[in-house]
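Everything below concerns the one structure shown next.
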Amino acid sequence: MKGFLRRLLMKLIAGLVMVWVVATFTFVLVHSLPGNPGDIEYDRLIMQGTPPEIAQAKAAVVAGFTSHEPLLQQYFGYLGQLLHGNLGVSISYSGVPVADVIASAAPWTVLPVLSGLVVSFIIGVAGGVIAAVKRSTRWGGLLTLSGSLMAGIPSFVLALLLAFLFHTLWQILPYGDTSDVTLTPGFNGPYIGSVITHAVLPVSTYALLTYGGWLLTMKSSVVSVLGDDFILAAELRGISPVTRMRYIARNAILPLFTVLAISVGYMFGGSVLIEDIFDYPGLGNLLLHSIGRRDYPLMGGAFLLITVAIILANILAELLYSVIDPRVRRA
Amino acid sequence: MTETIQQTDRPVDQPVEVSVSDLTVVYRTDLGELPAVSRASIDLVPGQITGLVGESGSGKSTLALAMLNAVPSPGRISSGSITVTGLGDVTKLAGRKLRHARGGTLGYVFQASQNSLNPLKTIGKQLLDLGRAHDVRDLRALVRRAAQLISEVGLDPDRVLDSYQHELSGGMRQRIGIVLALVLNARVLILDEPTTALDVLSQAAVLDIVRRVHRDSGLTTLIVTHDLGVVSEIADRLVVMYGGPNPEEGPATAVLHEPSHPYTRALIGAMARIVGDISAARVLPGRPPDLTTVPRQGCVFRDRCPLAMPVCAEEEPELVQWTPGRRRACHVEPTGVLS
Amino acid sequence: MNRHTWVTAPVAALAVTAMLAACSTDNKAADGGAVYTTISGTNPITAGAPMNPFNASGNYFLGYNTMQLGFDKLNPADPNDFFPGLAKSWTATPTSLTVQLQDKAKWSDGSDVTPDDVKTSLAIALTQGSATVGAGFLTQGLDVGAVKTVDAHTVEIDQAVGGKNINFTRLVLKQTIVPTKVYGSLVPADIWDTIAASQGSDATAAQAAIDKLNATGKTISAFAPQTDVSAGPFVLTRVNPGSAVLDRNKYFYDLPKISPKQVVLRHYSGNEQIWGYMKNGELDSAPYTSIPTNVLDEILKAGNKRVDSLHYVNAAIAFNESVAPYDKTAVRQALAYVIDRKAVTKVGEPVGGTASTHLTGMIEQATANWLTPDQVNALNPYEPDTAKAETLLKGVGFTKNGDQWMLPDGKPWTITLQTVNGFSDWIAASTVIANELTSFGIPTKPALTADFATYKTEMAAGKYAVGFWLTALGPQASAAYQRLYGADNGFSMRGATVAHVSGKGSGNWQNTPETYTVGGNTVKVGELTAQLSALAPADQKPIIQQLAIATNQELPVIPIWDYTSVQFTNDKRFTNFPQQGQDALLNNPPGVWMMQGYVQGKQ
Amino acid sequence: MSTLAAARARRSPWRVTRRVLLRKPGRVIGLAIIVFFTLMAIAGPMLYPGQLAVDPDNIYASPSGAHWLGTDFAGSDVLQEVIVGARYVLLTAAISALVTAALGTTIGLVAGYHRGFTDSSLMRVTDFVLTIPGFPLLVVLSTIWNFGRPLEMGLVLGVTGWGGVARAVRSQTLSLRERGFLEAARGLGLSNTHIIVRELLPNIAPYVAMNLLLSVIGFIGAEVALFFLGVVPFTSSNWGVMLNEAVFAGGAINSPQALSYLLAPLVCILLLTLGIVLFLDAIDELFNPRLRERS
């Protein structure tokens, strides 16, 4: 247990170092973007038909939130703020704390991603078991093929295809919003129902996106566990089929934790496209918005958050792994 | 010499614990169903340790698995019977009865090189799983019995029961395998290559334990091995296998000292260690049989046999008794082999 | 929230969902009007943004819950022509503006809109970047010197000492009026002293004052009020992730005119979403989007009505004249002859664009307004004519080698036509232009810049020789010509004189000559343009005429199409929408239409 | 019986490949699809030299004899665009695969071979590359660098996408080590370079090949996605550009006229993915003989 705690601590420290590296990387990246928030605001207003003198004034306010200190000084300031858990203030939201902006966007990424993860996990793992057991039959082969195909299809192609089929062609599912706007948000049936129906397409996209990973990993894992000696040994000792299934399941599930981390990363990364297509006000959209408006702190914050989610998923996978595998826990 | 044979010979009326008769196991392949074990017959007598020897691929492991009616797919028992006292014909058993026979009456110990333990559960937990699977009411008694057995095999019960597989050495795992095979008071113990992949010291220890528990519990034991050294140390009887019907069987010392079949002789020749004469060591020519290359007609060994005759290609030799207690299947006269 | 609620919440959610799904009620307002659904084109709706008009992404909606003293009619002949807003009427002197507030003007909490609210609002306006040292003070900015309460409904706004801004009325009327009770605490008590200091002659003190104002401005724009206090016809009830919901303000001064009970403004991230809503008949009106013909058909089929109005902007091709051969007038003219603007418009902006005909640097309507018919007829329309183009090119030393044109120095002439990502109309147009030019013998490749911010930066750095640009900004001709002969061309005003800079870092990327020769006369474009902003419209005419004719001859840019604002209305739920031709109204959001008595619910 | 001859015949690489390929019809189809698109990428632009013809009077035309897949926003032929666009997509994927293979294999091999400090520092870098969310990073990068050309796009994709291959190669190298492979080679007195290049590389090549094919799918997805999102400036036809135009400018989701413009590139990407996936199955079996003998 001591060794385990020590490794967890090491993982956390490594995670923190990674956060620092990513923060630095993001900082450099973000500040090498050409253009500046003030100019963009000015042109945005001009294109909306705002008279130049008023656009100029408004753009000046936005520009006022942009730091003009030397970059190195900004960098240390940024790190200092990060240490205090402060992501700074947004430029395009004129001084609203980045954390607040992100907090209001995060649920629209996290909830669909997690729902998608749960759905894809259930379907993918079940499919993987079937594909493993029936691997010599035609259906098993087709199931495996479906997994490889889903793992290969680009997320946005999938999203567009789903939108086209279910929205344009068959007109059974809504697309391009989070809920029916005529409904009052809150704790009422129609609204919740509407949120759920609007979430079907994005969540399905997230789910299909990672379904292949689960299925393929589960399949090969089950196949290899089925061939393991101890399963035959258990059978020859007269262990009951239910217990044997439990043995198989627990052993076969181990490699899935690696997939968990990869899936989370993949989904958060894919959120940029999926949220753009389904117009979900989540982190991916926020990132695009912040890039378009050159909102450096917001861009850095959104990017950092997505990265931290991936790092956390990795640590979580590691944790789960060691909970279930004594070879790791008691080594 | 003949005296020895007489001593270990089995009187005709001696009770038989396990009787394998005319057993054929086939594997389904692209080329159709090919036999891995063909018309094998073996009797296991209580109180005796029977050694089953042959090269890899000779079908000895398949036979051992068949005794638990556990031939892995795509293989199946196509004919013959395996009668175990108190259980009847094992090949006819299915479902719960079969499951209770395995581990209950028939204890099976795996090759030492294989991991026969679930890596994610402690030995104790796996013991409890075993108890539950066999409807053992008093699990405490089971644990006590296991602890006793573990002590008998020379390990510390408390430590072992709380250990995971990866925390035990190869020799320790093998002893645990024996304990788990016997903990439910099996009467028949089948060991598949129990010493392969163990170092010399562990090998000796494991064999010693097998001998002891066999004696103490009055078991009927079958050791499947390719290692004639093991057999010479421990077995009372010896059955030699090669693809089809056993070429030869008889009391261990007799067969080892007076091989009456060219294959047995070749096997012994390849294992010069047991006679201590390195100059006598010869490599067994040719490749061991495999499903696709085994001849379909005549003696299966004839391609590699130095004494092969034209008749060997046409007719399969029958397994017949030639001296009391010893049977052989060969067209060549015993004297022709022994000389 | 206590623990118990937390635990049972999911269970309750399921039960409620099941119950309400079974007997789902119609949420549409029944009493006193329907729900008016539309799009706010100005800001995407973000649930996390504050309800603050001074926030760059704030949830505030002009004409609905955000009020000005008046609403701009975009009248090119009179920049101070406004619809009344919170101001019922106003009278202007050269140095001040006296505003009569609406008699019944009230905030949505029932309190009166007072002169003090106006004073606070104008002070805030001066913290919002309006006060900047040396940026055209006394000619351009919102130079409010003092705000005086005359009586409970009358307020006098004075220009700073010495100020004579002819646009003063317009600038004041356009300011957002917010309640003192919400924003007052953010405004320092001595703000007017600071404002005075910022306008003073002591440069150091002025700069310090401006820094102080800017700091206040930042606090104000980041401020997030708890609730919306509106003096407009609606008040913001809530902001959802996909929409903002505004309910009718029962204290609105002209309540009987407001028919909808509720306004829902839907979020959009791309034009295609607005098209989808319209196709489903979900919108009562929709703002301008760049639209392809096939989609237009779908929208019209769904029962929406198209309403066009003027849009004071056009798409043009701009040149960096420091790069040869674009410094030659003949070259630019030749290109204008080669590019078939009608064909290009058909692909680029088939619905919301009309091909430019007179190329004066202003939109067509403005050209017709400012120039006499004779002058208009005398303008060169540059009808597609490759023969003329060839003559012009050969006249300045170009040669043709086979199919390909050679520069005077003998090198082959190729063009990279720069556009920017996301401007799908420009991109589509550039493919056609490239096609035309290539067929003419100038191999042309369209090139894209990643985004507009980069485009602007690189354009200002003089990296593009030929690229798309928005020109003819209006409605004032001064704005249109500032675009051509202003900062981007190195001209800037220093007090009464005009300075000209060029070269690296000057911001001058157009690099036209400082003067043109038109009909033997020298036209000082920079100076003339600078004069425009200080003149009353009537006095602008001769200058505009000079600039228009000079621009038509010299073509510092080649305009391709004038944008038309194509809006849609749907009379399924409401009637009496503004009609085509009511440009002054159509240029304002539907909230303003309602205030002026338009848009009634169908019962 | 000529079992020996038969066995030898079975082991000839060409025969094996053919046999493995022909075992399932899907594999042949997969290979056919890949070959088809590769030919399209090579020959397509030659088929239609010069610029795409525009026809302002024939915008978003329905499929017809003259335009099999209809026309786009400028009246250009959609079929022609799909064919011409294949080159960019595949060329970019090929370049990025090359970069990924080079970087991933080198780093994986060196890390697995040297272990210790070299290994752990190289793996930290790999972790970093794997942790940074790839697509958002590309979106940000696209604003900084103009990678509108295949070479640049391929480089960027390759440079940001080698993590997976490096990890696979390293673990494969480690497992070769475990098997005493390296000790044996060292025992023979072979130099490090020789061992890495001559001994390890051939053993690892199959895994690199498989991982590459997998990452090629990812690269195609990513590059097309960048164009679709409209963050990368495009100068030529590309499937992503077509999708972008179809959805954001053509209203294909709302208007049936632009449908073929939307579906043509979509189907191409789907087909190509399917082809690679089907073909991968064959490669998998070729390099994993265990699978071969099973079925």
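Each chain gets a letter, A, B, C and D, in the order it is written, and its residues are counted from 1.
In this section, contacts are C-beta pairs under 8 Å (C-beta built on N, C-alpha and C of every residue); 3 or more make two chains touch, one makes a residue touch a chain.
Note that this is a predicted model, so its numbers are computed, not measured.
Common neighbours of chain A and chain C, listed by label, are D.
If you average the Cα atoms of chain B and of chain C, the two centres end up 92 Å apart. Separation between the centroids of chain A and chain B, computed from CA atoms only, is 56 Å.
Chain B and chain D have Cα centroids lying 53 Å from one another.
Averaging C-alpha coordinates per chain places the centre of chain C 45 Å away from that of chain D. For chain D, residues that reach two or more other chains under the stated contact definition are 143, 231, 247, 253-254. Touching two or more other chains at once are residues 270, 276, 451, 454 of chain C.
In chain B, no position touches at least two other chains.
Here the chains touching each other pair up as A-B, A-C, A-D, C-D. Within the complex, the chain C residues that touch chain D are 270-272, 275-276, 279, 290, 292-295, 297-298, 343-344, 346-347, 350, 420-422, 424-425, 428, 431-432, 434-435, 438, 445-451, 454.
Residues of chain A touching chain D in their complex: 18, 21-22, 25, 29-30, 32-34, 136, 141, 145, 148-149, 152-157, 160-161, 163-164, 167-168, 175, 265, 268-270, 272-273, 276-277, 284, 287-288, 291, 299, 302-303, 306-307, 310-311, 314.
Interface of chain A with chain B (complex): residues 228-230, 232-240, 243, 247, 250-251, 324-327, 330-331.
Residues 12-13, 16-21, 24-25, 27-28, 35, 37, 41-42, 44, 46-50, 54-58, 72, 125, 128-130, 132, 135, 140-142, 167, 171, 174, 214, 217-219, 221-222, 224, 238, 240-243, 245, 264, 266-270, 273, 276, 311-313, 451-454, 456-458, 470, 473, 479, 482, 587 of chain C are the ones that touch chain A when the two sit in their complex. The part of chain B that touches chain A in the complex is made up of residues 65, 68, 70, 72, 99-104, 108, 110, 114-122, 129-130, 132-134, 164, 166-167, 177, 180-181.
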